[in-house]
Amino acid sequence: AALATGTAAGARAAGDPAITEIQDWNRYPGKGVDATPYGSPSSFEAHVIRKNVPWLTSDPISSVNFTPLHEIDGIITPSGLCFERHHGGIAEIDPNAHRLMVHGMVDKPLVFTMADLKRFPRENRVYFLECAANSGMEWRGAQLNGCQYTHGMVHCVMYTGVSLKTILNEAGVKPEGKWLLAEGADASAMTRSIPLEKALDDCMVAFGMNGEALRPEQGYPVRLVVPGWEGNMWIKWLRRLEIGDQPWQQREETSKYTDLLANGKARRFTFLMDVKSVITNPSPQAPIRHGKGPLVLTGVAWSGNGRIRRVDVSVDGGRNWHTARIDGPGLPKALHRFYYEFDWDGSELFLQSRAIDEAGFVQPTKDQLRSVRGTNSIYHNNGIQTWHVTEEGRIENVEIS
Amino acid sequence: GDGEHFKLGRVATPDELLAWDIDVRPDGLGLPDGRGTVAHGMEIFDENCASCHGDFGEAVGRWPVLAGGKGTLQADRPEKTIGSYWPYLSTVFDYVRRAMPFGNARSLSDDDVYALTAYLLYLNDVVTDDEFELSKENFADIKLPNEVNFTDDDRTKEPFYADKSEPCMENCKPDKATIKAHAAILDVTPEDAGEDDQPASGGIE
Amino acid sequence: AALATGTAAGARAAGDPAITEIQDWNRYPGKGVDATPYGSPSSFEAHVIRKNVPWLTSDPISSVNFTPLHEIDGIITPSGLCFERHHGGIAEIDPNAHRLMVHGMVDKPLVFTMADLKRFPRENRVYFLECAANSGMEWRGAQLNGCQYTHGMVHCVMYTGVSLKTILNEAGVKPEGKWLLAEGADASAMTRSIPLEKALDDCMVAFGMNGEALRPEQGYPVRLVVPGWEGNMWIKWLRRLEIGDQPWQQREETSKYTDLLANGKARRFTFLMDVKSVITNPSPQAPIRHGKGPLVLTGVAWSGNGRIRRVDVSVDGGRNWHTARIDGPGLPKALHRFYYEFDWDGSELFLQSRAIDEAGFVQPTKDQLRSVRGTNSIYHNNGIQTWHVTEEGRIENVEIS
Amino acid sequence: GDGEHFKLGRVATPDELLAWDIDVRPDGLGLPDGRGTVAHGMEIFDENCASCHGDFGEAVGRWPVLAGGKGTLQADRPEKTIGSYWPYLSTVFDYVRRAMPFGNARSLSDDDVYALTAYLLYLNDVVTDDEFELSKENFADIKLPNEVNFTDDDRTKEPFYADKSEPCMENCKPDKATIKAHAAILDVTPEDAGEDDQPASGGIE
């Protein structure tokens, strides 16, 4: 028996009162066009929120919360649900007092206001942003019950801004310049070193997301966009860009965001986010409530290498694979939405998804990753996730043989 | 630079560069004038830092550990500190100056940061003399022990990435799947987890 | 002289205090990850809201508000800013008590719950939705100062839902079926007749927008999506689909949404939204504040016929035209974002944009429209808009010779 | 139908169809049993409708006008009412039944709706006898005067659409542009407009 029916199967002979009785909303007018100048979700969707895990970090102002992947669809993450990660809380910046400085190995150091930035030619691009620590809890084995917690440090939005190349070019990068330091204006003055080659490739200085101004927690009034690379590099509240000839070895590229291997060595500058996917529905927070029959399995896949070429789904823990349907045009370095529809016969399932990107990389199993890296890497865990579905439709995060 | 110029923005003044260009590199580039001793660093640390990081950098509660952990990098629970893990001293100076003390960043003088950095070297047994004075001049000479253990990104050489053949689609494993491990935090989603609901493997960093 | 500088041109010799003095947000931590489980825009963006015009309608519960087109960029309208039009206020519907009935000329009449609908195969598509009355005030001449008011009854979002064809097929449409009646569950029980050919082409039954659940004012829990056709047909709070052999001649396709011509005749069933564009920046609500020099002119274009092939921009009131840069992939029946960057010499301008769609239709002038239709049509005004820019950068809605 | 079936949903019951299938077509399809006179309609109208639509359908304030306007469709300010504009009587019955009185929809009996529809015919001079009774039986016989003036969508034949040649790009007009008309509501955005700030051409419908 399923957890609950939720289907229309149980109409009474006389008819479902939801139909035969006139509902209030069909009789009495609702709120007018002056009620919500800036709209919000229905009160019936109050459970669709970012969630944090208090014991993961020492303080909520240097912490993370997670995107409810199991509650959203398509490839665009609603701005209000994009996971947050900050190291000194949300800087609330007056855009009129914000400046962006470009200096170092340049022809002339420059300062821009927000109004200046908005006079450069603009572009709009959809990109995923994944924290390198996404799924980091799962290195040692299944930990948390829900894709919001295991995979919710990813989001995908449309950015509006200026090509970083345009802005660097305005200052004139000297030939000796090889690296870029990007710095935020928040209380952690977050910094990362970025190879100049990437900076001049597809990076953006973005002031918009999903059509409107950046949200405060995503770096309002301006952030760096570093497509396909780890989220920590996408400096929020961006105030400074320095050109140099070496990396700066900042705290976020030495103490953090380096990947400790089993042999005690640690990889540094592991920028690119590898090919990855996860089934978002059904999943532990979104069990099967409708019993046997047609079931929509869906999830997201992404890769820092560009487009997703294919996603395969297994319902028997990787014995057999079925190629899923990818919905939409497939934008490079953006989330891809996949679906696999099937008739559930009510028996136990082991759900897995496996993405293949356009560079030909295949999403590895967690055991493959561990065999090379051990279990202390924290970052870059893109292993295949397994959800165990019981006959009742309950779902759990497991590891299997 | 090549390409189109828009003549937007204005030239930054020397004072502005001075105010914002606070980063420090391993080769010492960016270090300000200044100096500070281990002993003085201890005073500042005890007053401004120990409440979170502990008297000896061992940490209070879940705040970060700053000292100790040597020889644990291959252990089950590695303790990654300045002494056991960090490759460069400049990172300590740079980070403390930009972000600490947590809650009141940018409040320390350059001399204070030299003294704190000296004290953190002392807590990590990199220097042993509490008279030791760290300065712009001797800074770049000091090496941290774990620098040699950092390697470049070679993920594309890992066997499962190097092998780009088509993955198996049918009958890929002999037996029916069996569960090896359940989620450690069973049926406990964070919103109803108590203080003591902590994972087997510690938090994210 | 420009309205205000807003640029970094005026730094003092000693340096801009916004840089030389440490700002609070760079010293003291901000709010943590537990502060805003569902995020909102910065308080500095409080002016970016939908606005209504009280005297346009008799009551705000049967009225309209407008998308602030001059404050957004890209092609996706933030859900909180999508204009609202409803005839009985916002129905606040409990999704568990919502039903969708399919009946009429079908093999068997069916009832679906929301849970049922979510078991059909899904698709995600980006479409514009324009009210047929958008720009309706401008038939007689320039009326309102701002593209929010003249053109703000359009939005463009990504919908998640089920192909209408899939749902109709489940009930089995009889061969005699030629028209579809769609009905809402709100207090106006809104209805429209839709040709079955369109219904089986690209229509959707959507429960998601921009990744999350539909917003209440956009029809939560489920609405009809009728790509490229007038917004009134996109029945919100959708509860019923009836198949028939003739149109129903409902109030919204007779009394309203028929286009009165100068000769007293009226066109009916004018479903398709014609090729159209508008310059959103600069515009009356977004004057030029930065003076001479680089200027980003931008706007949106769309057509019910599919993609926009080209947008031309004139700065001299239609004497000379420059082809604008269209940003992005160009999705059919979606907004297209265009840019035209130029150096403003500080002289008077007459800004116009002219879109051409993939069917080859060219956006007409207002006078061309009036020459055939008169000025009483209310609906389907897709004429070329003129903004007059003064030497001070002020902007006004005008009509010119 | 053809194509894949998912066996989702369930068959609607007759009671359910009865409850929701309330639409009425010009040919009378969908009309319920019932009847009502002009005189009775006037009583209901005066009590439930006149406060907004006026005693004679002439409207109070900005609420919709329901009667009059005959001969105004080519005028400068057309008045589009049931009598002057609407093509079909069924629309009156259907709409009043589904949406009126505004604020308390679905509160009228079918007989009430017949009576109100009869009264609206009377207010619009389509019937002149206040004893006239409208019923399911005689409904489809009644025609509204403006039906003949509705034509199909022929926008693609309009000259500017029919002509798909490339539009002019250079020197398209001889003289410099001059302003013929400014926005009627000059420098008045709605938020600071008073009650009396109304456009030259009335509101949207």
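A, B, C and D label the chains in the order they appear, each numbered from 1.
Rule of thumb we're sticking to: a contact is a pair of C-beta atoms (placed from the backbone, for glycine too) under 8 Å apart; a residue touches a chain by one contact, two chains touch by 3 or more.
Just so it is clear, the structure is predicted and the values come from calculations on it, not from any experiment.
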Contacting subunit A as well as subunit B are chains C
The larger set of C-beta contacts, choosing between C-D and B-C, lies at C-D
Rounded to the nearest Å, the gap separating the Cα centres of subunit A and subunit D is 48
When centres are defined as mean Cα positions, the distance from subunit C to subunit D in whole Å is 24
Just curious, how far off is subunit C from subunit A if you go by their C-alpha centres, in Å?
28
Subunit B residues counted as touching two or more neighbouring chains:
6, 8-10, 12, 16, 20, 102, 105-106
By residue number and range, which residues of subunit C touch two or more other chains?
7-8, 11, 16, 19, 26-29, 51-52, 54, 59, 62, 64, 88, 101, 111-113, 116, 119-120, 187, 189, 293-294
Once you've mapped the touching chain pairs, tell me: line, ring, star, complete or other?
other
Strictly by the criterion at the top, what is the full list of touching chain pairs?
A-B, A-C, A-D, B-C, C-D
In the complex with subunit B, residue positions of subunit A that touch it:
51-59, 62, 64, 87-88, 101-103, 107-113, 116, 119-120, 133, 136-137, 139-146, 149, 165-166, 168-173, 181, 183, 187-189, 191, 239-240, 242, 244, 246, 248-251, 254-256, 258, 260, 262-272, 274, 284-285, 312, 316-321, 350, 354, 356, 360-362, 364-365, 368-369, 372, 375-376, 378, 380, 388, 396-401
How about subunit D: which of its residues touch subunit A in the complex?
6-10, 13-16, 19-20, 102-107
Which of the residues in subunit A come into contact with subunit C in the complex?
6-8, 11, 16, 18-19, 23, 25-45, 48-52, 54, 59-65, 71-82, 84-86, 88-95, 97-99, 101, 111-113, 115-116, 118-124, 158, 160, 185-187, 189, 208, 210-213, 215-217, 220-221, 237, 289-290, 293-296, 298, 325, 327-329, 331, 337, 339, 341
The answer for subunit D against subunit C in the complex is residues 1-6, 8-12, 16-17, 20-27, 29, 52, 61-64, 73-74, 78, 80, 82, 85-88, 90-91, 94-95, 98-99, 102, 105-106, 149-155, 158-161, 164, 167-173, 175-191, 193, 195, 197-201, 203-205
Listed in rising order, the residues of subunit A that touch subunit D in the complex are 7-9, 11-16, 19-22, 26-29, 293-294
